[in-house]
Amino acid sequence: MIENRPFITVFCHLFLLLGVAIIAFPIWITFVAATHDAVRMVQIPLPLWPGDQFFENLDQTWNAGIAGGVNQGVAVMMFNSLVMAMMIAVGKIAISLLSAFAIVYFKFPFRMGFFWLIFITLMLPVEVRIIPTFEVVANLNMLNTYWGLSIPLIASATATFMFRQTFLTIPDELLEAARIDGAGPMRFFIDILLPMSRTNIAALFVILFIYGWNQYLWPLLITTDQNMNTIVMAIKQMLEAAEQAPQWNVIMMTTLLAMLPPVAVVIFMQKLFVKGLTETEK
Amino acid sequence: MLKRVHFGPSVLPFLLVAPQIIITLVFFIWPTSHALYQSLLIEDAFGLSTEFVWFENFEVLFEDEHYLGAFERTTIFSLLVASSSMGFSLVLAAMADRVIKGSMAYRTFLIWPYAVAPVVAGALWVFMLDPTLGILTYGLGAMGYEWNHKLNGGEAMGLVVVAAAWKQVAYNFLFFLAAMQSIPKSLIEAAAIDGAGPVRRFCTIIFPLISPTTFFLLVVNVVYAFFDTFGIIHAVTQGGPAKSTEILVYKVYNDGFVGLDLGGSAAQSVILMIIVIGLTVIQFKYIEKKVEY
Amino acid sequence: MAQVRLDNLKKTYPNGFKAIHGVDVDIQDGEFLVLVGPSGCGKSTLLRMIAGLESISEGVLTIGERQVNDLEPADRDIAMVFQNYALYPHMSVFDNMAYGLKIRGIDKSEIRERVKKAADILELTDEQLSRKPRQLSGGQRQRVAMGRAIVREPSVFLFDEPLSNLDAKLRVQMRIEIRQLQERLGITSVYVTHDQVEAMTLGHRLVVLNEGRVEQLGTPIELYERPASLFVAGFIGSPAMNFATAQINGQGTAVALPGGAEFTLAEGVYPSHADRTVTLGIRPEDLTLSEKAQDNCVLTASLVEHLGADTLVHGHFGTDQTDMTVRLSGIRRVEKAQQLPLEILPEKLHLFDPESEKRLA
């Protein structure tokens, strides 16, 4: 603190608390909605304080889902989301580690060509090439499969760049020492590079897990089978159902469940999360 | 780029890059070139015949007032999202930077919306602003304002902007705070000794020094608003009412998947790609600057 | 244990830059050879060529009886200590030392035994063996790096400026330890440094490198007493040797500075160089105060530095412009502008050809 003016400090705290309140308010309302029964949720004004139906709503949402809507508990969707998020995160990390290793540590023909090819993917978000990508996946018979959900999303320039950056900061002497110790390329990769990159891998995992979990457009296109739906997709279907018969208690419980895993990851792995976010921007 | 010390040529590096390269070729390069090609074709409604028409699809697009409208709307939408979200988080970050005690606690409470999917953010806000039941609608009604985004295009735009900006505050706050905390304390102290008060210090020292971050965030926010907000639009307004929230990404999807105008949709994709490439280049220019700075 | 033979080794980089212009050195079994020179002289490149970390463009490198030009570093039977130690940060000290042995498939009990033995030699405790490198001090890391080399029981030790990351006091201590270790193990060693004190104190023989060429190869005393070139003369010794342009007289019996100061030359050595212009080199410690100095050999002091054990006097002879440094032992009360009569033994004068910069006869 530069000057000792308590008034300013108090003001800052008040303002920050207000900011936190504004940011948190929608979640509070969601939580409250998820604790009342359907009847209470159509009486205006809606409650601002939690009710006692939390576990009933949880039970219904988890096992049965919304009436007249998806007609399926969200448990399956949660599982699908989890599988998709894990596959995307692990897949991206694996292939990016390997290609970054090749590009940084090997001199081979077309090295820069490969690098630029990977770089280009940065400029081709799935949203701008939806139809042809969908066609490719359809032709490969990957619709309604976990592979179709994840593989087209796992090529990643960002992750490759981050690992490239990490590897470049590892002193050359370590490779020399390893070579004198008799370690070949893969041995060096597994024994030295991987353990030395583990915080970066963890940080990236946090970011990619969130990225994978929150995918929306892609699962929407790829899964026509209800059993393959992800929870984030389900929100949309429930909102549509709400047009006919609003069951906000169930919808909001679903919403709560849909954001729980990624939010928990951010809060409990905050350090890794912040590192991941800032590192990938380099 | 390459290590001074490296392994010599062998098949191994090819095997190492193979997974990434194959996925890139199959799911990125091939579809993209297909889109490029398709953008030059017109297909009849039944998919029976196709005709190569050069840039006719593009010409049609640029004469289509719906498309131009979507373009304009997307621009307004992104600027609104970027400015409201960045403005709010800049002020919060400035406060958090000042308070020392508790700034990390505030950070925890402010960054988690990053993890919320755009469509979930949309669901939260559409619930609060539901025309009949919404709690905010009720509050606005009590103040004499009738809110109905299902009928009023401006309000629909407001809804998606708020939902999109709310989620992005987390990201912006994090980067603004980090940038402010990396300014050497001695600079701020020197300014204080020179007699600059807190507001003046912020305007003349802190803000100019974090300008690279601000610029970077502007690009990131625009990209976010252009592409990542698809879920919000799709789930909350479906581009309505009366196309008042139909942004470019949504239109590509809608014309292609719902309207089945493959050529037109492909041409729109190509234009979007050009926009992403432009934004990416700007972003990389920034990174070069950052290195100097 | 082995001898190492460098036979006309050359290094040319793909961009055409010649880093090493043909180096011939025979390193004896058990010898401690130091490669010394200023930064960029190619000493590290040469060491890395011996290690196999840089390819050899031309020439033959033999370790023991084997030509090793095309062998991988791991197959050359060498061990190396790096400037930044290059310890694997995620492994314990024990694992750092054991890693190379594990890769070679040596069985666990023997690895443990060898590491323990090396740790004893280096006075590393069991507790330190279980730590991570970052939890150690600079000197301890240095020991671990040497330990990693020792457990390998190689034919040749290679040291790449291993002390340059330590503070001055520790550097002196570790210097002594390395010397004792090498004597005790008797393993042929090649040591790179830019520090001439380190080079002089450690090496049985020194190779002075300059721009990729060997300037001189010899024992520390040979290099000090008979530097083969201006470069070596200037590089070895601290404070550095004084140089001045001078003229040999018609008989080849004395050499004179332009300002008039004249020094007698060793008898019968330079008659063939009579009347020549030369570069005269005088070590600051070779000049001594003398009552019977010749008239012209009087230094006018311009600056005096007291080091305690020595006193450095900077000044010039007569009207000469060239600055001279004189190192007088002990504490001397010398005032600025004071006149100091000086003399030097004839055999301590170094004469160089100004063109070729080589030593004269």
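Brief remarks follow.
Order of writing sets the chain letters: A, B and C. Residues in each chain are counted from 1.
In this text, contacts are C-beta pairs under 8 Å (C-beta built on N, C-alpha and C of every residue); 3 or more make two chains touch, one makes a residue touch a chain.
As the structure is a prediction and not an experimental result, all values here were calculated from the model.
If the chains shown are joined wherever they touch, the resulting network is a simple chain of contacts running from one end to the other without closing.
Comparing chain pairs A-B and A-C by the number of C-beta pairs in contact, the larger count belongs to A-B. Mean C-alpha position of chain A lies 58 Å from that of chain C. Between the CA-based centres of chain A and chain B the separation comes to 16 Å, rounded to the whole angstrom.
Residues of chain B found to touch two or more other chains are 5.
Annotation for chain C: residues touching 2 or more other chains are 53. In chain A, the residues touching two or more other chains are 176, 179. Across the complex, chain B is touched by residues 1-3, 8-9, 12-13, 15-16, 19-20, 23-24, 26-27, 29-30, 33, 41-42, 44-46, 48, 94-96, 98-99, 101-109, 111, 114, 117-118, 120-125, 127-133, 135-137, 151-152, 154-155, 160, 167-168, 172, 175-176, 179, 185-186, 210, 213-214, 216-217, 220-221, 232, 235-236, 239, 246, 248, 251-252, 255, 258-259, 262-263, 265-267, 270, 273-274, 277-278, 281-282 of chain A. Residue ranges on chain B touching chain A, taken from their complex, read 1-10, 12-14, 16-17, 19-21, 23-32, 34-35, 38, 88, 91-92, 95-96, 98-100, 102, 106-128, 130, 132-135, 138, 166, 169-171, 174-175, 178, 188-189, 192, 198, 201, 216, 227, 230-231, 234-236, 249, 252-253, 256-257, 262, 265-266, 269, 272-273, 276-277, 280, 287. Considering their complex, residues 171, 173-174, 176-183, 187, 191-192, 195-196, 198 of chain A touch chain C.
Those residues of chain C that touch chain A in the shared complex are 51-53, 72-75, 78-80, 82-91, 99-100, 103-104, 148.
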